[in-house]
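Below are structures written as structure tokens.
In what follows, chain A forms one complex with chain B and a second complex with chain C.
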Partner chain A sequence: MSAIQSPPENPGQLERWVDAFEERDAVGGERESLRELRRRAMRAFQDEGFPTTSLELWRYTNVQSIARTDYGLTAAPSSLSQEALDAISPPTIAADAHRLVFVDGHFAPELSSHSRTAWFSPLSAAIAAGEELDLGRCVDPEGHPFAALNTAFFVDGAWIHLAADEKVAAPIHLIHVTTAGAKPRAVHARHLIQLAAGARATLVETYLGQGSGETLSTAVIEVQLEREAELQHVKLQLEEENAAHIAQGAARLAQGARFDSHLFSLGARLARNAFDVVLLGEQASCRLAGLYVCDGSRHADCQTYVDHAVPHGTSEQHYRGVLDGQSHGVFNGRVLVREDAQKTDAQQQNANLLLSRDASVDTKPQLEIYADDVKCSHGATIGQLDPQAIFYLRSRGIGEHAARGMLTRAFADEILDEIELEPLRRFASERLHSKLSDAAASQGV
Partner chain B sequence: MTLLKIENLQVSVEDKPILQGLDLTVNPGEVHALMGPNGSGKSTLAHTLSGRDGYEVTGGRVLFEGRDLLELSPEERAREGVFLAFQYPVEIPGVNNSYFLRASLNALRKHRGEEELDAMEFLTLVKEKARSLGMEESFLSRSVNEGFSGGEKKRNEILQMAVLDPKLAILDETDSGLDIDALRTVAEGVNQLKNEAHSVLVVTHYQRLLDYLVPDFVHVISEGRIVRSGDKELALELEEKGYGWLEEAKAGA
Partner chain C sequence: MTTAEGKIQEFVDREYEHAFVTDIDTESVPPGLDESVIRLISAKKKEPEWLLEWRLKAFEKWQAMATPEWAMVDYPPIDYQAITYYSAPKSKEDAPKSLDEVDPELLATYEKLGIPLKEQEALAGVAVDAVFDSVSVATTFKSKLAEMGVLFCSFSEAVQEHPELVQKYLGSVVPTTDNFYAALNSAVFTDGSFVYIPKGVRCPMELSTYFRINAANTGQFERTLIVADEGSYVSYLEGCTAPMRDENQLHAAVVELVALDDARIKYSTVQNWYPGDKEGKGGIYNFVTKRGKCQGKNSRISWTQVETGSAITWKYPSCLLLGEGSVGEFYSVALTNNFQQADTGTKMIHVGKNTRSTIISKGISAGRGQNTYRGLVKIQKGAEGARNFSQCDSLLVGDRCGAHTVPYIEVRNPSAQMEHEATTSKIGEDQLFYCRQRGISEEDAVSMIVSGFCKDVFRELPMEFAVEAKKLLGVSLEGAVG
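On to the complex of A and B.
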């Protein structure tokens, strides 16, 4: 990691955001509780500023380029035609998927294919209707500077709320497009997912960019799972080269709830995907899996935090990184097993494949255990493609380039293969394999 | 036309000369056994022919169908019809055996200007090959060699050989550590190739495999050179007398 000292905080960097916030706040039109949450978030951001690498959680991810950028904070969202969306959007997961499209952080009903349902509302509509929304419970703006910005500035997102035992069979697909323009654009995606007892759903988030200008997307997803609720979650993060993507997700799981998440961090120059899970009820379980694929000078940071607050919880984490060029990967996984959380089963694994001399990775799996009757393990590996395996494939007529590709795909597919739903696995597989072949092509082997 | 012609081949490993002027000629349809004590250079020859890194050719030449084999990359050698059955086949987690073998066969077919086989066509072919070698189909759906027993790995090499149908197959100590059933599989694979007028070079320490496949020629290698050649009777003589006579012959010379 480079030892570049962060420049002293320039107050002007924060002022832009404060001014924009005050302008927005003056307009009003929101419930007082939400306005108060936003103000609290803005105060937290003002106090903390943009994180620097002197903070442990941001040690390996330098966001000074974001802090310095003068984003057009009051710019109106672009409009996107169906054709333009089709040109950048991955094929649909399933014919019956509920597609909910957001352009520059605003819901775009004309691009969305959802039938009217009781369980979905754009956040903007819910806010306008004066709904009391349980925002900020899972993700505290304090201590999360980008989540604070998101809280202060978001205008829209998806509010998905399933009633007890309600099951939505078709995947719910949230598609976010950030359009780049002449001036750098910052957009904020915000989702609130609430599944009542016994409810079940599959949720896919896809983040895309259009155009090559600079953009910043912050994304915050809050997930509340009541007793025995189950959510399958896949996130595909696929923005363009000049994009930054900073996301904070969090889930709270009641007794017997199940949260299963697969992240594919494949795009953006600077990407950070953090997810926190709190197991609040016994027999709750979660799986956090992720794959980061980086080439060129891309930087991808994955952060996890699982809090076992009660006994009999299960958590599995499996993250893998494929790093080429001069790219940099970060995995920082934390598991906390509290004193009461006896019989916890927590596994954590991180494996990294370095494809070039100049690629690097920082990995830090951490277990913090205060209970004495638990089953916990963790481990991290960093390696290269096995030259013996490459030779073996070549000795069977497979070219060196293809052999490297085959072995790299095999490494990455371990994460893909964990997705249980076939259409979802196929959908993610297409994006992943096209990214991997792009990366391989740029090696010029 | 001669398939393989090795002339005065000299190879060093980590600056240590191993092959010191080896000559060998293999014609189409012939089965040659190369025998010799440990350290005589048997495996070095096999590795050099397959194009493995770390084997430095310091002299001599190898012609395959009249072309300089040593100029070719490992994959080009395979595409031209050279196959090495590894002494220690490599485990490749996550790569499906059938997928791998189809990619391999298609690389060879493409090189020969033939249509590539689709998944169904390939499956028909590979199942038939597996059956003819008395192997279970479950092999095909596993990761390449991952968790295979020693015998299963060697059988998998022979299955690959049968599917790729090389002009020259080199078996590097394929018989070591095999039970009788696996030995029969190996022999069956070799005999099928021979029937198609393809050639086989069996590198082995023991005569045991030669009970199941009959070589046309047996060569004894010592200190990087072939010191004696004969027919299958020579293998039996070696079995009886061991390799000790090589030392005596040298002392007497």
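On to the complex of A and C.
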């Protein structure tokens, strides 16, 4: 009940990060504006520390295990062979896909299949070339402790900038591999996506892990869509069991822009995927959809925030969770309709399926509305498989396990079926179904 | 629409109807709070030692607590040393034995409020325990209730006459350290109501308390405790008003309900504290902790509230569903106009098997009012077969107000089924047009639409209250659409 803030935890935990930052900062070689941004981020992190569950936004996600871990903060990236990558990564999602691979946060040109394009540059190269990059506009390091760490420490990522009316037909596939070693590793992925007026692209982010050691990956993606620009975004988050993945995405949409995002949170021991969208121009629209599937003692947290700043905006959110074992699912969705943002249409849905006795869900779909001529609704459901539906299937000669599997898959397919890229959908679907059949098989009847 | 606008103005300008101040001698302690004030309150009320200790313990805890800041309400910090913690009509010394002995001025006050005790005694069959500032002045129908074994008296009286019951249940639902305001209340509460319904008794009439804050700078800290023994039933009505003053007044009450096996408690509130003027000046800070414990199997607690008053409302009538098959219900209409702010909702904590809860919340915002529904549905691990249905609808009238929904849903049992839905809408031009086309005046049309919007809640109110609630909403809202 009381809002007493617990003081930042053991300062020793922060010191490691501060020391590593200062070491890095002393090297220099970056534009002053970027250095200043990094310093501001580090100051914010130092002030705020690792978030605790007494903070409203972190109420259901405990990151003390991350705070306690002594990560190698400046370790050089591992080298990854093509074969090793192929073994874990999704197959080609389209014959002509632009495949951009990052290993431990560093661009790996030898693994990438990008034809030289004007619209892509690794962030590291852009920074070295002294480009003025509009970083930190969408994601403020203040109030986002992990984004602050990301801002302070990121080395590389993708900078995608499309000119007006430029349309990239082939999907752009960003693949991140975090390799685990003897020592825990922390990796920071950073992307800046800028689409000028009328530009169009499809972007797929895939996060993978290799090896079974402890890792932390922070991911920040900043998306700027100018008038009538359109971005299709898919994120597959598939890390290994000892990984923690904390991501903060944000998109700013100008008039008539459209942003579609699909999240599949299927991996990592502790995963948190947050996405903020600000509708800054009229007739802008966004759809945020997500599916989190957890087994064992996984923890998956999805956070959304849609800010309707101007009239005539449309937003939809649809998140589904399937929770098995002792896993824990969290959904915290927030819709803000500002004064004067009339004729807003905002919908929010969250459905959760609990498959086991020990699984749990916390959900908090919030509406915050300051305009009267709006259509806003939200709904949340939590429950188990419908016994009548199972009975129906069994009465038609389908075994209990198969029936459960079928119903669970049908529940998940609602989100999965929205992916337009056929090979990607097939890959995600296979990953998911193997996970779900494990879950269904583990059901004690 | 010009007529509509005229009406808006008319209704917006409507003065608070209960804005009179009663001029009677009161006995107060100087403003400020320390241990001596608590000792004084306790001594004045001739309280037993255990209660004083209980108060002091709460006070000690309170001093270490911080004001809750998570609610979506905005107000300057309260100076707790500037509040008078005890104010009683002087005539208390020789307490009235019957209504005839009560200060006629006081009775006139109630008359103005529309709850003439005598009339009610004669006609309405409602037993009223009227709390005037801090001391309960008259309790009606006591003798009739006593025949059935029902105890309905002021809290102070209960402490004197039924100390074993008070000691057993006081703080058993809302512990002293529950939250900042509950701790403050525990330390300084002056009076309130006490109800005990014995086994198997169906209380023959609706029990009612009318709260009224009179003295300036007086915080009202009342404490209500209702215990329904096995198989009993009681319906309890609470109404509140306060005179119009420029400064803000604090009201921090605690209500505890206990329902044993198969018992049922129905608690209805119509809250019409002074909401402040059009500029948002003055008004009551209504920071209330209400909680019911469904302790026995198949017990049932329903909260129904119509919140139209107060500058700030901060209250979450909750149900702790412990008994197997127990049921918790929350029906709420909250209205904010001008600069009123409300952050209200409920908590349904499912602990026992096959427990069920229903939440129906209707928020109406007008003017620059801010209205937040904040609720928690928690299904604990052992709550096999628990079921919850929540519906939170908001109606916005005007484009400078806000309606917010913050539901927390925490589920730890897979057999639980819970659903939450919420919508936000406004009174549509087409709805109004449709009504007007059929010869219904704009004002009636709005009233009809709002009544329809609140129907699910009004249906739960006892007859007398339903009428009052409708009238209250009408006063604050009709014609507020243009």
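One rule holds for everything that comes next: the second predicted complex is superposed on the first by the 421 of 445 C-alpha atoms of A that agree within 3 Å, B and C clash if a C-alpha of one lies under 4 Å from a C-alpha of the other, contacts with A are read in each partner's own complex, and residues count from 1 in each chain.
Simple rule for what comes next: a contact is a pair of C-beta atoms (placed from the backbone, for glycine too) under 8 Å apart; a residue touches a chain by one contact, two chains touch by 3 or more.
Computed from a predicted model, the values in this text were never measured in an experiment.
In this overlay on chain A, chain B fits alongside chain C without clashing.
By the touch criterion defined above, A:Arg357 lies against chain C but remains apart from chain B after alignment on the C-alpha atoms of chain A. Of the two partner chains placed around the shared chain by superposition, chain C is the only one that A:Asp372 touches, whereas chain B remains out of contact.
Shared-chain residue A:Ser395: touches chain B; no touch with chain C.
Residue contacts after overlaying the shared chain place A:Ala219 against neither chain B nor chain C. Once the two structures are superposed, chain B and chain C can be ranked by residues of chain A touched, with C on top. Within the superposed three-chain model, A:Leu135 lies out of touch with both chain B and chain C [touch as defined at top].
With both structures placed on the common chain, the touch criterion links A:Ala410 to chain B but leaves chain C unconnected. By the touch criterion defined above, A:Gly383 reaches chain C but does not reach chain B.
With chain A fitted onto itself, chain B and chain C come no nearer than 17 Å, counting C-alpha atoms only. Within chain A, no residue touches chain B in one complex and chain C in the other. Those residues of chain A that touch chain B in the complex are listed here as 386-389, 391-400, 402-403, 406-407, 409-411, 413-414. The touching residues of chain A, when paired with chain C in their complex, are 1-4, 56, 339-340, 342, 352, 354-357, 359-384. Listed in rising order, the residues of chain C touching chain A in the complex are 65-70, 72, 178-180, 394, 396-426. The residues of chain B lying in touch with chain A in their complex are 50-53, 73-75, 77-79, 83-84, 86, 89-90, 92-95, 100-101, 103-105, 107-108, 111, 160, 164.
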